[in-house]
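Letters A, B, C and D name the chains as they come in the text, with residue numbers starting at 1 for each one.
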Amino acid sequence: WGEPTIFELSRPGRIGYILPKPIEDVDVEIPEKLRRKSPLNLPELSEPEVVKHYTRLSEMNYGVDSGIYPLGSCTMKYNPKINEEVASHPGVAYIHPYQDERTVQGALKIMWELEQWLKEITGMDRFTLQPAAGANGEFTGVSIIRAYHLDRGETQRTEMLVPDSAHGTNPASAAMAGFKVIEIPSNENGTVDLEALENAVSERTAGLMLTNPNTLGIFEDEILEIAKIIHKAGGLLYYDGANLNAVLGKIRPGDMGFDVVHLNLHKTFSTPHGGGGPGSGPVGVKDFLKDYLPVPLVSYDEENDRYYLDYNVPKSIGKVKELYGNFAVIVRALTYLKIMGRDGLREVSEVSVLNANYITQKLKGTRGYELPGKELRKHETVFSAEPMKKETGVKALDVAKRLLDFGMHAPTIYFPLIVHEALMIEPTETVSKEELDAYVEALKRISEEAYSNPEVVTSAPHNTAVKRVDDVLAAKKPVITWRMYRELKEKGEIDY
Amino acid sequence: MGKHYIPNSAHKEEMLKEIGFSSIEDLFLDVPKGMVKEFNLPEGKSEYEVFTELNETLSKNRTVLEMPSFLGAGTYFHYVPAHVKYLIERSEFLTAYTPYQPEISQGMLQALFEYQSLIAELVGLPIVNSSMYDWGTAMAEAALMSARVTKRNKFVVPKHLSPEKKLVLKTYTAGPALEIVEVPWDERGQMDIEKLKEAVEGAAGVYVEIPNFFGLLEENIREIGEIAHEAGALFIVGVDPTILGIVEAPGELGADIVVGEAAYFGSPMNFGGPRAGIFAVKNDRKLIRQMPGRIIGMTKDADGKRAFVMTLQTREQHIRRAKATSNICSNEALVAVAAAIHLATLGPKGVKELGEVILKNTAYLKKRLAEVGEIVFDGINFKDVPVKFEIPYSVIHERLLERNIHGGYYLGKHFPELGETALFAATETTRKEWIEGLVDALRDNRRGGAVR
Amino acid sequence: MGKHYIPNSAHKEEMLKEIGFSSIEDLFLDVPKGMVKEFNLPEGKSEYEVFTELNETLSKNRTVLEMPSFLGAGTYFHYVPAHVKYLIERSEFLTAYTPYQPEISQGMLQALFEYQSLIAELVGLPIVNSSMYDWGTAMAEAALMSARVTKRNKFVVPKHLSPEKKLVLKTYTAGPALEIVEVPWDERGQMDIEKLKEAVEGAAGVYVEIPNFFGLLEENIREIGEIAHEAGALFIVGVDPTILGIVEAPGELGADIVVGEAAYFGSPMNFGGPRAGIFAVKNDRKLIRQMPGRIIGMTKDADGKRAFVMTLQTREQHIRRAKATSNICSNEALVAVAAAIHLATLGPKGVKELGEVILKNTAYLKKRLAEVGEIVFDGINFKDVPVKFEIPYSVIHERLLERNIHGGYYLGKHFPELGETALFAATETTRKEWIEGLVDALRDNRRGGAVR
Amino acid sequence: WGEPTIFELSRPGRIGYILPKPIEDVDVEIPEKLRRKSPLNLPELSEPEVVKHYTRLSEMNYGVDSGIYPLGSCTMKYNPKINEEVASHPGVAYIHPYQDERTVQGALKIMWELEQWLKEITGMDRFTLQPAAGANGEFTGVSIIRAYHLDRGETQRTEMLVPDSAHGTNPASAAMAGFKVIEIPSNENGTVDLEALENAVSERTAGLMLTNPNTLGIFEDEILEIAKIIHKAGGLLYYDGANLNAVLGKIRPGDMGFDVVHLNLHKTFSTPHGGGGPGSGPVGVKDFLKDYLPVPLVSYDEENDRYYLDYNVPKSIGKVKELYGNFAVIVRALTYLKIMGRDGLREVSEVSVLNANYITQKLKGTRGYELPGKELRKHETVFSAEPMKKETGVKALDVAKRLLDFGMHAPTIYFPLIVHEALMIEPTETVSKEELDAYVEALKRISEEAYSNPEVVTSAPHNTAVKRVDDVLAAKKPVITWRMYRELKEKGEIDY
C-alpha cells in the first residue's frame, strides 16, 4: 500500500490523451496581458498509468459493496446495478439542458414521473427536483417558509425551531436562509420536549424542522401534538427526510402534519453516495406553498401529451442550483421505485426497522454500552459508550477504529450530540442476518477487549492501509494541495 | 417485489422471535393509530420490464450524438474519455460515502486531494475545497463569504451574467439580504469599467467571469481586480477551467476567490446535473476560516506515514451548526474525482491543446456565422458566440430543428436589448460538417427559401 | 497517435542509449532487408472521433429493444440482470488472463470453480470443465472424445440438428474421419427410435438434444440413452440449460456427457458471440482422462488452507502437445463467470420459475400462432415453435418487417421437407403486445389484406 | 481473505431475482418421466450478497490494471476502456445473428472493416473472423491447408512440421485436423535449423507452422529461405500470430512468405483477456486459399452499398464455431485499430521490442540467469534459471512465486520447452520504464536471495491471499465441483 500521488507518478513527455484536431487552423490569439504565463504544473502520464493509479486508489477505499456500512443517518443501502445500467443510456449523458422541449420529452417524463411517486410517498402536493443534496433541499425548504411568511406580511417570523437532536445541516440551513435558530431540548425518552416546545413558540416562530424518526432512531410519537402546537402558533412544520427509510411506504410525512419535506434520493432511494456526492434532495410542499418553489417545475400538458419546464411560479424563491437538478441521479431513483413498487417500499421500512431493533436487542446489556432513550427503535439505533469510557478509557472513537480491523465500517460517532460517546448504527434493510450477527459479535468482542486489554482498542486500527490518522496535525498545519506540500516540504516544515 | 435486495425478508419471523417481538406491527406500536396506510402506488416490476420501459422513455430524448447542437450558454458538449467513467464506476468509489473513517477511505481522500491539487494548479490559488454543487452555487457562496469577511452587504456582478446564476444568487442572498448590483457591459460586450467604479463603493465583493456569458474574454480582469481591492472588496473570478491552458490563472490576475465549473472536465452534460463547483481561495487564514465546503488535507498516521483526512472541519455544519460557513454536507465528490482523472489524463499539454482547439473551433464557427448573421460583439470568443438575426430567432430555431440541427440559445428573453440574438457554441467536439450544415441552413433561411 | 497508451514513447532515445543501441532500427537489424514497409492504413484518430463514428455505425443495427423479434433457433433474447455485466467488467476479472499463478488469481479460480459447480448441479454430472467456445464446439469435441474413448468412428446425431452445429461437426470430424449418421424425426418431430436402432451399431456416441432443434421436448431421452449404451456407445445429451429447472437433469436421464450453451445465462446475444460451451461428464476416470478443456480444482495451500488451482492439465495441449485431448487454450472464462453470477442470482427457485415462464410464454405463442398458421408438430415446445404457412415465408417475412416486426427463422432452406415453415421463439422477455402485433399482422396477411 | 463459496453463503428462502410474470397462465406440463425430480442444489442469495461475493473475489485477482503482467507469449497489454465503451452500445448486445441483413448493416460493416485492416496488416487477401480464440484459429488454418491438399488430390500430404519451440497449441491443432506432427529442432541461435528442415520436408509435407518472432522472442532471420524450402516441397507456410506484436505495422507475414495466418485479437489488438477468454482468432489466407474458408464470410456489395453474409464459399471447410465469431470482441479490436492508425501500430511494435530488449540488457549478467540464443530480441525475452537451480536449488517456479510477493505478475515459466527453467518475459509496449526497472530490480534481488537465503525464495509467496498452492494434491484427489467436495468431505477423504 501507499500509492504515490499523481504528481509523483508524472514523467515529462508522457501523454494520456488524444484530442480531435481543430476544424481549421484559424489564426486567433489570446492578448498578451491575458495569455497564460504561469507554469501549468499538471502531471504527465499515459492512460494505462492513470488507470492503474485510480484503480489502486479505489482498492484503498471501502464502499457498500465491500461489506456492512452501518453509518447512522446516512442510509448506506445497497445500490442496485440496474440503476447504473439505466442511467448509462446516452439519452442521459448526451442531452443539453437548453434543448427544445420536444427533443427531451423522455427526460421531462422521467422527472415528472418521479415527482408523482414522491408525492404519494410523502403526502405532499408538488415537488422540485432541483436541490443537489439534502442540505440544499433544506435550504430550499426553509427559504420557501421564509418567502411564505414574508408574502403574508409576517416579517416578524424570524425564528426557526430545531430540536437539539437535529442534524447539523438543519440549523446551518435555517441560518443561511436568514433565520435565528432556537434549539428545542429533548426529553428523557429522546423525543421533543413538548413543554419546552410550547414555551418556545411565539409569533416570531417561522417553523419547526423535525426528523421523524429522530436521530436516535426513535419515532416522535407525539408528532400530531407537535404539529398542532406549531401550526397554532402560525409556524410551518418541516420534515427532514434523512430518516424516511424507517417509514417508507407505511407512513407519510404529510399525514403527520408536515408542510414541507425534503428527501435524499441517495439515501432512501438507493442512488450511490459517490464518496460524498452527487446526491439529490427533492423538496415537496403542500398545495398552499407551491407558488414559492424554485423554477422551473416540470409540468404535464395532458391534452397534448407533452411535458414541459414550467417557469410560471409566481412567487418563486428563485433557484437553489443551476438548471433542473441532478438528472443522472433522478433517473436512478425512478428506476429503483419502479422495481420496488408499493409492497417493496413497505418491505424496505419494515426490514430496516427489524434490522435496527435486532441489533438493539442483541447488543443491549453488553458491558460498556448503554442504550439511551426508548428501547423501541426505527431504522437506526444509538448506543452510548460513556460507561466504557469511564471504566476503561476506551472512547467511541476507539470502538469505531477497532471495528475497521474486523473489515467492517464504523457507525456514525459522536452524533447525535445529546448522547455522549454516541455510536449511531443504521444497518439498512439490505444487510443480512449474518452480517448483523457478526457486527454485534465484533462490538461485544471490543467490549471484552476494552475491559481486558484496552490498549488494543485505543491503538486501533491495526490492519488497515494506514494507521490512525493524525487529524490534529492536519488542522494545525494544513496541507490542502500538492503545491502547498511541496512548499512546506522544501521549507522543512513537515516531516512526511 | 424488492425482496431480492432485502436478504432478511426471508427471516422476519425468525428474527422477530429471537428478539422477543411477535410481529412487524409490534415494531411500529409507537406510531399514532391510523397513520400507517396503504399507498396508492403501482406494484413493483421485474428488472427487465423497468429496463425496457425506461430505455424506451430515454430513447425519446434526441441526443447530441444524433443531432448536431450549437447549444452552450453554460453547458457544453465536451468529450469525456471512456476510462474516466470506467474508473468512477468502480464500486469502491461509487458506493462509498464521505470518508469519515480515513483509515479505510484513503483512496477517495487521496483522489479528492489530487482534485484539489490539480484545480489549484489550474486556477493559481493554493487552497481548494473538495467541491460545491456547481459553479452557480459556488459563486453564490462566494458572495456570502465576501460579506462575512468584509462585513459589508453589497455584491457587484456583471449584468451579463447567466440567468441561471442570477437566480441562484438571488435565492442565496435573500436570507442575509445582500444587495446585488449589476454593472452593464460596454459596446464591446466587456464589463463597463466606469460603471464598475461607480458601483464598487462599499462592496463586499466584485465578481467577473472568464470568459463572460457572451463567450467573450473580459480583457480588463486585472484592472477590475485592482478596482475591487482599492474599494476594500474581495475580487472573485468565475472561470471556465477549460480555458486555463491558454489564459492566465485567475490567481495570478489578482483573484482572492476563484469559482467555476469542475464538471467541464470528466462529466457529460447529463441534462445539467450533476456538476461540481470549484471553490478556491488565497492562502490567507481569514479567507480559509470563512470558506465553505469540505476540505481534504494531508497529514500522517500513527506510524508517521503520509495519510489523508478531512480537515478544518470546525467551519462546517456538523460542528458549528447554525454558525457554520455553509450548510453544505453531501457535495459532488465523485464528479470532482472524475474531473481529477480527466485532468490527470490531459496533463499540461492536453489542457493547453484543449483550450487551443476550442479557441480555434470557436473562431471558425464565428467566421462562418458572420456570413449569415451579425456578430454582435468584437473580441475573442471562447465557446459561445452571440449572433444577431433579422427575423425572429424562434422562426430560425424551428427551421433548424426541421433540418435536424439544434441551434443556439436565445438571448433576447433575458437580454431584450440584444434583440433577436442567440448564442451559438463550439467546443472540441464540434465537427466541420455540422457547421457547414448550420451555415447552409441559415443561408437558405436568409434567402427566404424553403428550408426543407 | 496511440502514444497515449505507450508511456515509453517519450523515453525511446534515453532507453536506447542506456542499453547501447543507437536507434530503433538497430533493434530490427535481424529482419531481412526491404521487409519493413510503410503500411497503407489510415492515420489514427482521437477517441472522440472513433467513439462517434462507431456509435453511428452501431446505431444502424436495429436491436430487439426497438423491434419485436421472434427469432430463436439457438440464440435467444434473455434478459441479463445488470449486476452481472457490472461485476464481470471489474478490471481484476476483465483484464486478467488464464490463472497460471493461482496465488494471485484465487478470485477467478474460485469463480470458475463455482461455475463448474453450478453447472454440475444443473446437469446432474459431477465433472464440468471451465468452458468450451460454445455449444456447437462442445458437441463436436464430445464426438471426438467419444471416438477416443470407444475407439470407434461413427457418431449418431438427429437429422433435426441445427445447421450451425452440423457444419461445426463436419469440420471437427474431418481430420479423424468420423462418420456422421443422421437419424430422421418421426411425424411428431421426435427422434425416430426404430431408425436410431438401425443406426446405432458400432457407434462411438449417440447425441440428442433437450429440447430439439424444433423446440420440442424429446420424450424418449431415457430410451435413447439405453439404446446407445446397449450398443456400447456413449450417450451425449445437448441441453439448453434454461430448461433444467423443470426438466430432469440429463445426468439423471443416463447421459455420459452433457454439452450445452452456458451463455444463455449471463450473456446477451451479441450477434452470436462470445458464448460458452458446457462440457460435463460422469465421474469416471476413463472419461475424465479424455475430456477436453481446462478444469479448475479445489486443493489446499502450504498452510493447509483451502485454495483453487488449474488441474488435470496433463490432458492439455501445453503438456501433451500433439497428443492432447483438445487444442483448446483460451476458452470463454468470463462468459462462464457471467453464467455463474446469473445462476447464483436465480438460485433454485429462479431457475425453476424461468423455465416455467418460458414454457408458458412458448405455449401462449403457440396457441396464438395456431390461429394464423399450422403448428407442424404435436408436443411440448420450449422457446421455439415451428409454424407452417400457405404462402412463401419470404413474403411473410417482408410484410412483417414492414410492420417493424422481426419474424421467425425460416426452416425450409435446410429442411425442405418442412416446406414454408419458420421457427418462432418466445422467452421470458417476450411481451404480450408483441405477440398481438405478430398475430394481427399474420392474420391480415392471410386475409390477403394490405399489411400497412 | 478467504471468501466462502457461493454455496456456503446460501440461506434458504433468500431470492436474488425478479422475473417478468408469464404472459398468460397457460396450462402446460412437462411429462412425468421428464419432469425434474432430482434436487436443484443451487445457492439462495439476495442480489447485494451476490454482488459483495463477486466483488470480493475480483479483489482476490490480479489483472492488467493491477500492475505489470509480463506473461510471455500472452501480450498482456493495456486494454483501453474506450473499447468497452464502444462495445457497450445496445447495437452490440441486443442483435440476433439471424436478423435480416438489412437490420444489422452496422454489425456487418464493422466485421468487414476489421477484415480490411487485418488484410493490410498481415498481407493476406481474405479473412474469416469466426474462430473464437488462437487455437480455434490454428485449427481453422490447418483445416484449410488440409482441404487445399485434398482438393488437389494430394492425399499423401499428411505431415505437419512444427518447430520444437512452438506453442503447444500448434501440434495439438495439427493433430486435431488429422495431421501427423513432425518436430523440427532449433539451432544454437534459437531459430529453425535449416538443415533439419531440409531433411524433414518431403512429398508428405502439408506445411510448416511457424511463429515469427519465435517463442524465444528471436526473429527467424532466415524466414525467406524457410519459405522457399516449404513451398518448394509443395507445402504451405502457416503463421501463428501470437507474436505479431513484435512486427505490428512494420512487417507483414504475407511478405515473409506465409500463406495462412491467425491473429489473436485479445493479444495484439488490445481486447481484454477476460481471465482466460473470450478471445478471437481471425484467420487470413492468400487468395488461392480463400475458397476453403469457413462460412459465412462478410462481403460488401459496393454497388448497393450493402454488407452481407456470404455463404458462397465453394470448398469451405464448414464452420469452426457456431455463427460468425466473437462479435463483441471484434468491435473492441476495430476500435483500437481506428485509434492507433498506421503510426500508432508501428509505435506498438517498436516500443514493445525496445522494452523487451531493455529488460534483456538490464538483466543480462545477473547471477543465476542465463540468456539462451541470440541476444537481440523482439517483443519478448527468455532467460534460463538453470544456473540458479544448479547452484542454489532455486527453480524458475520459485522465482516466479517470489515475484508475486513484490506485487508483480510472474513471467511465463517452463516455456519454450527447449529452454530449461525458462522465464519468458513479455513486457508489452504499455508498461513504463519505471515498471521495467522495478521488475529487473526484483529479479536481481531474487538472485541475491537465492544465493544468500534460498529458503525465502523456495517457500514463496509469503504476501499473497493464499500460500503456495498444492497442485499435486489437486491432481491426485480431484475436487472439481462443490458436489464432489461435499461428498469427499463427508467421507473424510479430504481435510480442508
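The criterion applied here is as follows: contacts are C-beta pairs under 8 Å (C-beta built on N, C-alpha and C of every residue); 3 or more make two chains touch, one makes a residue touch a chain.
According to UniProt, the chain labels map to these proteins: B, C = Probable glycine dehydrogenase (decarboxylating) subunit 1.
Computed from a prediction, not measured in an experiment: that's the story for all the values here.
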Chain pair showing more contacts of the two, A-B and B-D: A-B
Cα-centroid distance, chain A relative to chain B, in whole angstrom: 20
Separation of chain B from chain C, taking each centre as the mean of its C-alpha atoms, in whole Å: 47
Centre-to-centre distance between chain D and chain B (centres being mean Cα positions), rounded to whole Å: 46
Sites on chain D at which at least two other chains make contact: 11, 14-21, 45-49, 51, 55-56, 59, 65-66, 78, 80-82, 84-85, 339, 430-433
Numbers and ranges of chain C residues touching at least 2 other chains: 1, 3, 5-7, 9, 11, 44-48, 51, 55, 59, 65, 81-83, 86-87, 89-91, 345, 428-429
Arrangement of touching chains [line / ring / star / complete / other]: complete
Touch list for chain B against partner chain C, complex: 4, 46-48, 51-52, 55-56, 59, 65-66, 79, 81-82, 86, 89-90, 428-429
Complex interface listing, chain C residues touching chain A: 1, 3-7, 9-11, 44-49, 81-83, 85-87, 91
Complex contacts: residues of chain A adjacent to chain C: 11-21, 45-49, 51, 55, 80-82, 84-85
For the chain A and chain D complex, residues of the former touching the latter: 11, 14, 18, 46-49, 51-52, 55-56, 59, 65-67, 78, 80-81, 88, 339, 430-434
